[in-house]
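The following blocks contain the structures, represented as structure tokens.
Okay, so subunit A shows up in both of these, paired with subunit B first and subunit C after.
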Partner chain A sequence: MDRRRVNGPPGGTAPPCYASTLSGKTHPSPKRTRGANEIRKIFLKTGLTPSASGSAYFELETPPTNYSNSLTNRTSALKLTCTVHGPRPLPRSAPFSPQLLLSTRVKFAPFAARQRRSYIPDSGERDLAAHLETALRGVLIGERWPKSGVDIIVTVLEGEEDRPWDALAAGNQNGRTGGWGMMSILSGCITVASAAITDAGIDCVDVVIGGVAAIVRQPAAPPQLVLDPCPSDHEEVIAACVVGYLQSRDEVTETWAKGNVTASSDGKGTTPMGFNALVDQAVEAAVAARRVLVEAIRESTEAKIQSSQAKLPDKLTSV
Partner chain B sequence: MSLPDLAYPGLPLGPSSSYIPGPGTHLHLESSTIHASIAGCPTFIPSTAKGSKPTLSIPRLLPSPTHAPIPSSNVSNTNTLPTVGSGVLCRVTRVKSKQVDVVILVVYGAEGKFGGGGEGSVCADEWQAVIRKEDIRATEKEKVVTAEGFRVGDVVRGVVISLGDQSNYYLATGRNELGVIMAKSEVGNKMYPISWKEFKDPVTGETEGRKVAKPF
Partner chain C sequence: MSDRKGLQMEFSYVRCRVAETLPLELAPGSPAKRLRAAGNSQSFGPIPGRTKFALQIQHPPFLHNGNQNNSIHHRTTPPTFPAHTFAKLAPPTYLTAHLTSKGVPIRPSGRSPTQFRTPTCHAGSLTHAHGSAVVRCGDTAGVCGVRGEILRVEDVADYRPKMAEEEERVDTEMHSFQNVRREKREDSEEMARLGLLVPNLELATGCSPTHLPGGPPSTLAQTLSQRILTLLHTSNLLSVHDLRIWFRPPASAPICRGQEHEVMREEEEEIVKAEVKAFWVLYIDILFISLDGNPFDAACFALLAALCNTRLPHAWYDADRELVLCSDDPAESKQLHLYDMPVPLSFGVFEGDEEAKGKKWILADMDGFEEGLCRENVTIVVGEEKRVVRIEKDGGGNVGGRDMRRLVELAVQRRREWVLMLRDGPP
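For the complex of A and B:
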């Protein structure tokens, strides 16, 4: 019982249950409508939290639904927000650090998953934060900020589920985003944190972008390699990989791969399987997302330049 | 090679054979080009010495368009870090026999160019700093009494001499134009300077000793 907060009723509340949902009619499973090499459309905007040094909001397009008798979408669309505080002085008790001290946190909102999460951080969130830190550490130029720390906090407003919601409700899984959805979330976290860090004006070697690719099982065909998988679109995900990629240097700062790659390498088919191919495709997904990130940074930088010129019309320039 | 209008981290700006990397840029060793480190407008500062290369830099922008800065012409609110040699404005928090504890409020660029056209940025967070007894004056260092030079609440102009240890920067006020610029008397009135070591309270007529900064 969480005594520090005002909790809801202990027994929980049940939403109204309509007759059509009880009729036992099952909708056909959602299918992936994009091409195998196409990523979902991204909405990315920076500078939305004025009190933070830098901030960004990231959202993936809501998947189309053509079930007229369903009020909600059966699959989720990732929504993330990131705030960056710093560089700011370290507390007095911290030892002298000649480099910038990076601290990352990923928080799931209680309403982010189909099953309500508690406020207390769990191991999944800490794992994501560790992967995010690895991805960002390779990008920040730490020597320019001695004795300082930066806090990066990513809040997941809506996460990726592994199954469509009615399948979750039917009890096929325990409803928590545990497996493949986390990888899409990490890919989004890397991109949104990179946008927020650039908004905060912290020196970076390049913009790091997250990309994710997966090998999925197809009903009557050999397994396929797809970019930006939505786990609820597929019957089974065999393996998946997330990378944090720097395009101007062709470097990868973070790799996280899960699953069984050897089981799908069959030598036949047009797409070669294998770990290297999976990582290469994840890099392709990152490159596709980079255009959106660069465009968002460009827009917000232009807005800042215009507002700084507008505010100081009679500024004395120093020689 | 002409500079792009707008740069973001990782964008190549120019070859290192023609430019020196300045603030906001970094050198990419493998390709010997200068890349941008932050988002902004790249500018280049022509070199002062004959024969040396101009400096490519990207000046930092204000945090966000919605964040209203202090409406004064040269001061902006950014996350600037005090560096060795930069001038600062700070406020005294504690006066001890061997040192004076201050908090840094405003950081000026390198070489401590105060007043006139010097660009100052108000720090978003206060940085702890210390002025040691031997750094208060340039001459007769052993005869200094800290309580005759500073009081709690004074605003002091100083220069950073060292990054210091885990909790403090080290400042010095050993030049004529460094020292206390604003002070309040014991009864609470604002005082004005009358010599290099005294402030005068216009209401009561009393004078108090401080290490006074020479006004421009």
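For the complex of A and C:
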């Protein structure tokens, strides 16, 4: 029990249990309406937090609701905010560091998922933060800031749900599609952190972009490779992969793959679906997302130049 | 010649310090302390953000090598600083210069002392919460999510069951003023005892460099959470009636709260033994995205906007399954009823720098810069019909009864604006 926060009733509470999920009356699950090599629309904006050195907001397009109207079937979209604090001097007690010390944190808001999340960091959040750090560490030119540190904080305001309600009610906690939503979240974290770092003006070798690809299977159909999967759209996800990609150098700074890649080969060898194909497709997704990031950076830079030109005469005149 | 060189050195020293570590600590005797404002320039007037301040740099004693007259030469052409540099070098002087400028006193943000920031609000953007709002007041922005969960009465340690007859009696009893008040007090006592409202405020989202994550919530975050909890319980904003989940033995047709009385009268022949089986618990989480002063007012606005947006699904007790079930039909869900709209207004009292000669200014809805300069803070919460719900005050005794009356008037005025915005959406 956390005495520093307001706690709920000591007896504990349960999330609402919907009658329709118990009676077996299931709603038709959503289907993917876009093409296999098409990613969702991305909304990206920098400079949301004036008190931070750099900040950005990232949102994925909400898929259209073309199925029955129900509280259990509302589709969610990924919503992330990121703030960058620094580079700033390390505290006096810290040992000497020849380059910029990077620290990353990923935190889910309590209302980010169907189950209320706690304020205390859990292992999933630490996992995401570690992956994010790997993706960003090679991108920053750390030698330019000795003895300093930078904090990158990502808050997940809304995550993607990858389990249908009936699976949840049946106690099927680690069901067939468990944890695939984390892949899209990591990819979003990488992109939004990259935008916020650029907004803070920290030197990078290139902007790093996140991309996801997955091997999915619909019932009675061969496995299929898709870009930017939305886990609730697919009956079964066999494997998924996230990359952090630098386009101008053609480098991958981070890879995270999950699932059974070999199980997806169709036996005849007509469609190559190995790990390499999965990574290639994830890189494709990153390349597609890069356009949005570059456009957002250009917009914010133009706005900055305009405001600094407006201020310029102030500095030069003397009284 | 050596004197001129000395000035340049000092000037570049100050520039260098400003660039390196901001905000500059004004330690007594440091070169920055010797900077004095010569007033804002006549030609530009108090245009916020563009106001220029001429700074005179007095020479440290060791630079005065005999000839005092030389320094007069420099005073005729003092070096100037842009306004934001001056604000960081000497914050109290900067704010005083703004407030004592010719004509009307104006704050660095361009507002008059008692002008507050108009919030904007976007409600219902979060999918997984029952009610949500994203609000922005100037550069302070936050997200509030309200989520209902179910507390079964079996899980409450010493629960006193409340029967429907008793409920009926309370409803039909003569509604004298004392009865209504007693009832409201009992309501909020029951709500507090059961812990049905769980507000939490989170600042460790990177919203400001002073509240970074890692470690427990900061003192400010803890204080704000508790203040909001107290406000929820003392303002009669919500009623425990709307949070009860009933069980009625002829459970063939689930009964909505609004139709309850008709149904009760229809079934008067039968012995109705309806009882409360569960309660809705509202988890109210407020996350700040950006912080630039006055988090309490912004949090309250986010809270009110999210509660206005909250729809709880229709819930009933299923005796066969011994479970509380909810309907997933959005048409059956019910809007949360708010009985009042408590609107806060926070003020700070700025006492000026040493040259202000004991003057004081009351600044409404401070931003982060002003908050750092004010010791005395007042928060007034007003409800319906100009009822003062709470007054919180700390840090000094400058605000007297007459000022308080004026501040309450301002808070009432702000409440009118907020209520319009919350009820009808943005204009």
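Definition applied: the second predicted complex is superposed on the first by the 269 of 319 C-alpha atoms of A that agree within 3 Å, B and C clash if a C-alpha of one lies under 4 Å from a C-alpha of the other, contacts with A are read in each partner's own complex, and residues count from 1 in each chain.
The definition used in the following text is that contacts are C-beta pairs under 8 Å (C-beta built on N, C-alpha and C of every residue); 3 or more make two chains touch, one makes a residue touch a chain.
A quick note: this is a predicted structure, and the numbers were derived from the prediction, not measured.
S.K.: Could you tell me if A:Glu158 is touching subunit B, subunit C, both of them or neither one (first, second, both, neither)?
M.R.: After superposing on A, A:Glu158 lies in contact with subunit C but is clear of subunit B.
S.K.: Which of the two partners, first being subunit B and second being subunit C, lies in contact with A:Ala94: first, second, both, or neither?
M.R.: Touch partner of A:Ala94: subunit B, not subunit C.
S.K.: Using the superposition on chain A described above, determine whether A:Ile305 touches subunit B (first), subunit C (second), both, or neither.
M.R.: A:Ile305: touches subunit B, not subunit C.
S.K.: Classify the contacts of A:Cys204 with the two partner chains as first (subunit B alone), second (subunit C alone), both, or neither.
M.R.: First partner only.
S.K.: Could you say whether A:Pro50 touches subunit B, subunit C, both of them, or neither, answering first, second, both or neither?
M.R.: The answer is both, since A:Pro50 touches subunit B and subunit C.
S.K.: Given the touch rule stated above, what does A:Pro219 touch, subunit B (first), subunit C (second), both, or neither?
M.R.: It touches nothing on subunit B or subunit C.
S.K.: Just to be sure I follow: which residues of subunit A are touched by subunit B in one complex and then by subunit C in the other one?
M.R.: 50, 55, 88-89, 311, 314-315, 317-319
S.K.: Across the complex, what residues on subunit C touch subunit A?
M.R.: Against subunit A, subunit C makes touches at 21, 41, 50, 52, 54, 77-80, 82-83, 126-129, 132, 139, 141, 143, 145, 147-152, 154-157, 194-196, 198-200, 202, 204-209, 212-214, 216-217, 222, 225-226, 229, 281, 283, 285, 287, 289-292, 313, 315, 318, 321, 323-330, 333, 368.
S.K.: List the residues on subunit A that touch subunit B in their complex, please.
M.R.: Against subunit B, the touching part of subunit A is residues 47, 50, 53-55, 86-90, 92, 94-97, 141, 144-148, 198-207, 246-249, 294, 297-298, 300-308, 311-312, 314-319.
S.K.: Can you check the complex and tell me which residues of subunit A touch subunit C?
M.R.: These residues of subunit A touch subunit C: 4-22, 48-52, 55, 69-77, 79, 81-83, 85, 88-89, 105, 107, 109-114, 116, 119, 151, 153, 155, 157-158, 161, 311, 314-315, 317-319.
S.K.: Quick check: in the complex, which residue numbers of subunit B touch subunit A?
M.R.: For this pair, the touching residues of subunit B are 6, 8-12, 24, 26, 28, 30, 35, 37-41, 60-67, 69, 71, 73-74, 78-79, 81, 113, 116-119, 124-128, 163, 165-167.
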